[in-house]
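Two complexes come next, and they have one chain in common, subunit A, joined by subunit B in the first and subunit C in the second.
On to the complex of A and B.
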């Protein structure tokens, strides 16, 4: 056979198997866009699914299963979901606490829940303590409890319209004159509850048969499980006079009398989806999920969010930051080649790739602004991404205006990548587009004070990076490094302007929100520290107290000041800015500060010696 | 150098002065929290179209009552609050025979229970129940109450406007339907 025949055979094989494979998989396109209220906003199911999936991210079993399939199984096939080994309990102390044996690291919800119930009193004791006093095992146990409870409530959210595990005995169906189809789910059985209760009242307790008792037990368990489950809020308030914008889970809506014809119709769409899922019927599933989405998009209160659901799903599936990283890495590679082979005209290519990367980053930030309706600096993670863009944009502007393009493009790309990984560290459990509801929940001030101060951080970072390069150039026999001093001075002045204005605006905000302009809050002190450091270094340089090397070393040290002001104050867990408190960051920050001090000290020392030697 | 020192000192004094001023005169203000107000709502959802059968086996379509205020009540003889509320609804219907139609749909499984309940009631009740604008429906399989209106807790009352739109839902039996205030408000709201 020729090469072409082989190729044709392969193509025929895939064209035959392709549709078959597609038919066996449920199409999640419509389901992923269904609206749900979570974390104080309306988001698509895809986002909610990723949020939950991220809680179990340490589990390798989930790598091959996308979040949306994960949530669909939890909703519609809880029995199968509950026996899946999802929880990573590899920590030996945690295992011991829970009474688990063996080397097996993963356990299912059906194993974990009973064990946690046994440890109820122990958990209560932990909760009585201040979280700061918890030891590692207690923290892990609490995390496990929280995640297990969350998944349990997700699993039980739709229990009211899923098939009953214990069927109503056949003879009762005919004796009570209940239509057979109404004996299938809790909600349909509820229609005939009165007949069932009357039957039970008539029976002497000792004559009630075991199968009836089991059925009754099941009904009570469903009611207890779903009674307060209001985590999966898929239904908006239906009544026009209802001023609350709180959505509800199906059971809560029905059980509080907030339901009506519209929610009844929507819940029946969900019932249809659940049946199609359990029957593994792709065609029916597609139709049911599409009509559920069409129905949901007709909700009165969803008008403003409608387009954002599509946008958020696009944002999550496109992942623009991935392309940003690729382009920045490419830029870095081009710059390294350009450094090694200066004769090659690579600066334009580097500039193009850096612009492409920054465009993707800008698109991502704009998408976030539209989706979250907040300025892009609501969380520490977001502020890192914003600072990264400021750094790249500043380096791009400078690269376009100045001759030393390659060096500036390199700095931009390097900072872009460094901040990307820093952001990834802070969003360990994945970017779940969370909205902050603490003191920063004021769009106007986020849009002014926080943006200006974080832009200031970005400029400080790029200024310090240029200073680092100056020191490196001095050490590595480059006598032309002095041209970087005026550039650094200009950047330092710009940084000073932004950080000062940002700090003053922060004071005004504090005055409006808390009634005082300045309260010596750690974050305020941190911002002031940056301003004072810059003033000191710039004055030292202008007044001639600091020579070029001393000034550049001081500016290089600005990195530490910024890191302490930006991340360090959150570690103190005091004051009003504890929004970014993250355990374990202290080691990283300390290591960074020590490494920076050592690096700058060594570079400066070698440079001084070199200058003395040359003199 | 001397001039610099003076300037630095002046700057510090001015900065401290501004800070003290702002701290001293900008005390927290007590602002009232805006209360949600009843908004003018125009886009009421349409009532679902359905037909029901009365105790005397007559069938009606909800659309037949277009132009009147429909009070759709879901009740059961075994539900104590429903039993308390029922006479009040009848009284309201008797006060406005031209404007109001009361459709009281019972979800009792056994029709006999409804009859027993009616027979127990006093003379006023017996008179009011036979008014032309009172229709007692029976929905033993809850096809209307639960499948269509998703009512699980009883009583629940829907107020349907003359244009067959859903105007209000009243959960529980706390509303005094027979009161003058309720009747006037209803007529004013749904003129």
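On to the complex of A and C.
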């Protein structure tokens, strides 16, 4: 058996006799705000917990369990955590690869880790291959391995101060003159380790008793499992000579001798929390976690503030996007009623709900700006949030200025909802509050080029939706829809302005970073494609090559051009914009493009026939 | 004649030329972008964007250069001959002028740009720029004389290269990307690495910088033990040495070199990572630029290049190995670098004015 199997076997065994905990009753307010360094920044524990929870999103049982309780259990009651059915292995091929039988879909860490250990050589072979060449089962196996390793790291992070499951025999306690309280945890026992080793060296191996062997085995297992783990970085550098801004896990700090009085005091706060958690004592837990938070915020080198930690926890727990969705959905409903009953004065109500939704969205974006200390658009996920807001804001401005409010409010709400779900798709893979690669380390260009080009995407989306509305009106409505053409032309011009300026600014940024204004990189080509499409449609309309219907159909197709430029080029994995590469959206994108082409072609064809018939 | 020119110019100004050229340009753009996945950016650029003719099977179709050329001429003719110089058209005129300026800048850049990179280890000085793509066969004499034979001239010529050397070099073959394979049978005429290995053309790599260029050539009129067939690739760690009449020559295939008119010393290269991760957060090079009497200590940052005497020097990459860290600085000399800055202002201004005029409803 391997070292992992040993440890997990111990943990599983003792989990059966572990305390019955009902920790969901504990107050997590302070614990959720404890700072931790993860993925290159200081974040609250809530954020870290959600990141880990997202890794197990396919497990339906975790939906109702909040992430913070999940992480607390992993930290303070690893035995119970290790037997929890967390991993969804419902895929039959993956099951077969792992040698699992039966229909049971969920498995615990204690089952998965030994199986993965057996598959080590197979995993090594997978890792030798290019990830693009992995088949589905290999991908799933690797993901499982990665998540299981991560959770094992988390689970073993605080073992150093959790009660030892196998006690040091009492006769040895008195023989070695170790205080009984020091034999309770690995951390306190460590002080007497030399004495213990000397005792063992003096004993002939055959005379070492089984209970001592078991205790020794337990100590070795803990050391083997935690000696390289530095995932749970809760301790900032303490000594003035340590100029690194890297935080460390308690184990690493103790092992490297970098621990100081401040760290020791903070670790003891964590020990107190662990004890309170295991005793299921709400009052003690509350006090211990509050005291730990106060202590953490007094660290000299902590590169964050209480307000920022509070804000991030509020952002995560409040989830302003949910309210955004509710208000946009309400707006959509109001608009649909207004379409059916035009005599009802519902536009002001629709306008109010749309404004409310957009306010929540704006609040979310502002919160992100403060938390991450950078302009609002730096990642693909953020671009979706921003484009959504631009669409809603544009529709609001137009609705306020124009008489035909309902359809503009409708378009704004519809785009807001569509982008909400698109954003949710990108957010489901984990943390959306990420640090940026070196080339993006520039607030000036993120605040100019990126903002302008994404605002251009937003305007293009709303322009294309107005064109869709025109086509629908031509097919389903007897009224003349031509009044929408001048509006579309103006919107197309505004889109052209933003996309052209955004593209040129991108070129200037490339000139500053990479030494060339234009390099025919896919991302650059995508932006240029939008500009060319708009120039072509606008000039075609102005010069008379495109009639109203042709122009509007071309503008409706702008949706596809934007989708390809925005997401499609990232699928190629080519060029210098490597920070934007994504996988797994090819089918969705293709389906969207095909559906749009078919829809626009059908609507245009019916409109042509209708016009001919009327003529 | 003048009438004919005028007529042609007016025909050139027709808006339908743009209307039919733009879809073709968009096709080239899409095809060239998708092709990058298979053939890499460098090849795709050559085939689709910087080409005169795009061959699809046996069908010659207009490449990027003629397509962009026609659009430029159409826009220029339209701008000069058909612009309506009215107040309400001011936005259109300014934005069209901005686009023309962008085209002119692109022509300047295409014709005059020199680019390459400097690789400087810490505490060392260099002025040598290496080309990203072009290769050359270098012959260096001990006294400092350097002969550079363009890689393209190293193909099978069946006659010696005409350089004033005490021995003759006759190129036999070259490959842009070579497979170095074991020679099935060797004879006494094969010398050096060629005794055991031979070069075979291999498919081009997607990333042109990863191609392994190589040449096979013959040396004659040297000493008998040195006359024979040799191979040389970029990856060879040391040059081939030929001595004749007490003169020593180093021969090697390498990236094409050029010299900066000043020296750069790398004092320190700093690479920072986001704490606790392998993700880079920042790079910079602290350098000293020496140009005659001038000794300028400065920093080259990501997104903040150094501009000096027409050269722009950027933080591009780095190497980190047992010998220590070295900074890779991209060097570009582009006389047209200012055009995009001016044209972007003009285009933005023109479009804003045009939009305002439209919104005010003053447009016909």
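Brief remarks follow.
The rule is short, and it goes like this: the second predicted complex is superposed on the first by the 570 of 615 C-alpha atoms of A that agree within 3 Å, B and C clash if a C-alpha of one lies under 4 Å from a C-alpha of the other, contacts with A are read in each partner's own complex, and residues count from 1 in each chain.
Keep this in mind: contacts are C-beta pairs under 8 Å (C-beta built on N, C-alpha and C of every residue); 3 or more make two chains touch, one makes a residue touch a chain.
Predicted model, so just to flag it, every value in this text is computed and none were measured.
Clashing of subunit B with subunit C is the outcome of superposition onto subunit A. In the superposed model, A:113 lies in contact with neither subunit B nor subunit C. Legend: residue contacts after superposition of the two complexes on their common chain; A:264 is shown touching subunit B, with no touch to subunit C. Look at A:515: by the touch rule set out above, it reaches both subunit B and subunit C.
Contacts of A:192 after superposition on the shared chain: subunit B is touched, whereas subunit C is not. Of the two partner chains, subunit C is the only one touched by A:569; subunit B is not. When the two complexes are overlaid on their common chain A, residue A:337 makes contact with neither subunit B nor subunit C.
Once the two complexes are overlaid on the shared chain, A:535 sits against subunit C while remaining clear of subunit B. When both complexes are overlaid on chain A, the residue A:606 reaches neither subunit B nor subunit C. Between subunit B and subunit C, it is C that contacts the larger number of residues in subunit A. By the touch criterion defined above, A:246 reaches subunit C but does not reach subunit B. Clashing C-alpha atoms between subunit B and subunit C appear in just one of the listed stretches 23-31, 59-67 or 77-85, and that stretch is 23-31. Under the contact criterion defined above, the residues of subunit A that touch both subunit B in one complex and subunit C in the other are 507, 511, 514-518.
Only residues 15-16, 18-19, 22-23, 25-26, 29-30, 32-34, 36-37, 40-41, 44-45, 49, 102, 105-106, 109, 113, 115, 206, 273-277, 279-283, 302-305, 312, 314, 316, 330-332, 334, 337, 340-341, 343-344, 347-348, 351-352, 354-355, 358-359 of subunit C touch subunit A when the two sit together in their complex. Against subunit A, in their complex, subunit B makes its touches with residues 19, 22-23, 26-29, 36, 38-39, 41, 43-45, 47-48, 76, 78, 107-109, 141-142, 146-153, 156, 166, 168-169, 171-172.
Subunit A meets subunit B in the complex at residues 179, 182, 187, 190-192, 194-195, 198, 238-241, 243, 254-257, 259-264, 267, 300, 507, 511, 514-518.
Listing the residues of subunit A that touch subunit C in their complex gives 37-41, 230, 233, 244-247, 435-439, 441-442, 444-445, 489-490, 493-494, 496-497, 500-501, 504-505, 507-509, 511-522, 525-526, 528-529, 532-533, 535-536, 539-540, 543, 545, 569, 572-575.
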